[in-house]
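As structure tokens, here come the structures.
In the two complexes below, subunit A is the common chain; its partner is subunit B in one and subunit C in the other.
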Partner chain A sequence: MSINITGARILVSIPQFGGFMLTETVVTTWIVMALLVLACRFMTKNLEVHPTRKRQVIAEWIVTAVQNLVGDTMGKQYLNTWYVPLIGAMFALSAGCSLSSVVGAKAPTCDLSTVLGWAFFVFAIITYLKIRTNGPWGYVKGFAAPVVVMFPMNVISEVATPVSMALRHFGNIASGSVITTLIYGGLAGLSSMVLGLLPGAVGDFLSRIPLLSFGLPAVLSLYFDFFSSVLQAFIFCTLTMIYISGAADPGE
Partner chain B sequence: METQEFVSIAPWTMIFQIANLLLLMILFKKFLFKPVTEILEKRRMEIEGKYSEAESAEADAKSLKAEYETRMRGAREEAEQIVSAATQNAAQLSANMLKETNEQAEQIKRKAEADIQRERQKAFNDAKGELSGIALDIASQILDREISEKDHDAMIEDFIKNVGEA
Partner chain C sequence: MEETKLIAKAIVCGLSALGAGCGMSGGIGPGIGEGYAVGKALEAMARQPEMRGTLTTTMFMGCAVAETTGLYSLIIALILIFANPLIGQIG
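Then we have the complex of A and B:
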């Protein structure tokens, strides 16, 4: 019995195009996105001024909740911008990808490339906003504050922003996945060992079934899959909002 | 099947995932945020419309009430005016009538007095004529002589005067 902890499966690989790869991660993300868009389509079908359907109420609740989140964290001036759907999409995609592990898929957020991509995207927005707010020279000068000696440290700290965001998200989801895998493996081994002690054919038969895998993993899954998934999505979105509103603030 | 390392960085996956995030953002905007925001805005407008409708209805009602009250006050004043005018008229009329009646009565009284006076005068004159004859007879009998007409008249006058004064 062996436990393999590996990354995503590579479905298509074309080394000619700069090592083009289509991995399980991306395909699962597409499935999650398709489900999310279908859910949106379903919820916003036949919207009415006087809602009579529960799904419209849920859609309105979601929209209002995201608007409130963005309005409270970033400020009211962001309410009618693309940041609202961005944060909504980011939260839904992150949580949805993490939760896809519940149905046995390999969570796309368990792939460092995914969250690092998102973090770099956020980093690009932050850098653009900082340059737009302070001017290119002001942006560069900002690294030399409060003293010039701090320049390398400030550059590292700036680069550390997306890296820490990505690693926080990846680490939490991946560690949950690793722990879950280990516990399943451990319980299966334990089960086979304990039940193998039973004599004769019964013991031989029962030892093939990981009976001890029932129960405990479900409880742990509640934390690692549901709670952690939503929490990490929320943290990632909150950090994004704080960084963006901070970068657009001329007072900095 | 070939797999990646557990911790690995694949540039293409990163590009795909950034594109996925942007795509989902656009789809969310199109299919969730835009329609719901529109319907919420529509509802807000409708509620505002209802509110302003209610406000204008209230204002209408208030102005109607004010108008009604003004009219009522006017009507009451008019009624009071009419009543007081009628009272005044009646008083005037009765005063006039009283005055007229009084005048008439006075007139009748005066006429009656004049009549009485005249009757009295007439009676007096008659009496005077008769009395002169009688006096003449008496006097002629007493004196037994004819008295000239001139003296006669003077005597009668004296007599009457005396009688009148008596």
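Then we have the complex of A and C:
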């Protein structure tokens, strides 16, 4: 049993266009996106004023849940803005990407590039909102608060925002995948060692089957694949909401 | 010359593994901090059970933010093991 811990596999590599590479991450992300779009299309087909179909009830429940989340975290004045669909889409994509590891794909969020892209997207929104709220000069002046000497520190802390968001999401998912791989490898090695102690052909046969790999990985997978994935998606969205409402509110 | 390079590589690899292990001691801090946060949240929940939902959400948020420093050390350890930049610097 060999233990392989690698990054995303490169499926297609084209030397032109500045060394374009199609990795597993991109393919899985596009599949997840396509599935989400299909699910949205399916659930919002033939909408009625008084829902009779199950799918419309589910769709309305999802929309209400996201609205409640945004209303509770950011404040009631943001209920009918474009932040609600943004947060919903972000949560669905993040959770869907992380949950794709359940079906055996390598989670796209295991790749730092994916989450760094999302974090820079959030950073762009925050910066735009800050400039819109305070004006360009107010934005620059905000860095010099409370005293001018703090300017470099404020710039660093501003840049650290997307980096820490991306590293938090990536680190949680990647550490889960590394630990799962190590547990599988360790249990397989242990079972081949223990069962190899049995005498004769029976021990030889049994030692090739990683019998101890049953059970424990399923419990761990429940935590790392389901709980941690959804929790990280939730935390990413909550942080986004906090940053956005902090940037959109004019300072006292 | 070849042998010197090999020894240099061995030293760098060994010390990188040691550094990765030592670096993961950065996991101690978030562990203590999160345990403290969860304990306080439990105390609050015992005092006011009706605040359970809000407390749980806030606690998870706080835990996630407190976890960041531990994750930084994890990423440094991962870099040292899987994508070591120091090995490339040997001649």
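Quick note on the criterion: the second predicted complex is superposed on the first by the 247 of 252 C-alpha atoms of A that agree within 3 Å, B and C clash if a C-alpha of one lies under 4 Å from a C-alpha of the other, contacts with A are read in each partner's own complex, and residues count from 1 in each chain.
By our rule, contacts are C-beta pairs under 8 Å (C-beta built on N, C-alpha and C of every residue); 3 or more make two chains touch, one makes a residue touch a chain.
Since the model is a prediction, treat every value here as computed from it, not as a measurement.
In the model built by aligning both structures on subunit A, subunit B fits alongside subunit C without clashing.
In the superposed model, A:174 lies in contact with both subunit B and subunit C. In the superposed model, the angle subtended at the C-alpha centre of subunit A by the C-alpha centres of subunit B and subunit C comes to 130 degrees, rounded to the nearest 10. Residue contacts after overlaying the shared chain place A:63 against subunit B, while subunit C stays out of touching range.
Touch criterion not met for A:31: it reaches neither subunit B nor subunit C. Once the two complexes are laid over each other on the shared chain, residue contacts for A:230 go to neither subunit B nor subunit C.
Contacts of A:164 after superposition: subunit C is touched, whereas subunit B is not reached.
When the shared chain is aligned, subunit B and subunit C each come close enough to touch A:5. Using the contact criterion defined above for the overlaid structures, shared-chain residue A:108 touches subunit B, although it does not reach subunit C.
For subunit A, the partner that touches more of its residues is B, with subunit B and subunit C as the two candidates. Using the contact criterion defined above for the overlaid structures, shared-chain residue A:120 touches subunit B, although it does not reach subunit C. Smallest inter-chain Cα distance, subunit B versus subunit C, after superposition on the shared chain: 6 Å. Within subunit A, the residues touching subunit B in one complex and subunit C in the other are 5, 7, 170, 174.
Contacts from subunit C toward subunit A in the complex involve residues 57, 60-61, 64, 67-68, 71-72, 74-75, 78, 82.
Contacts from subunit B toward subunit A in the complex involve residues 1-18, 20-29, 31-33, 35-40, 42-43, 46.
Residues of subunit A touching subunit C in their complex: 5, 7, 164, 167-168, 170-172, 174-175, 178, 231-232, 234-235, 238-239.
Note for the complex: subunit A touches subunit B at residues 5-11, 13, 18-23, 25-26, 29-30, 33, 36-37, 40-41, 43-44, 47-50, 56, 59-60, 62-64, 66, 82, 84-86, 88-90, 92-93, 108, 111-114, 116-118, 120-121, 170, 174.
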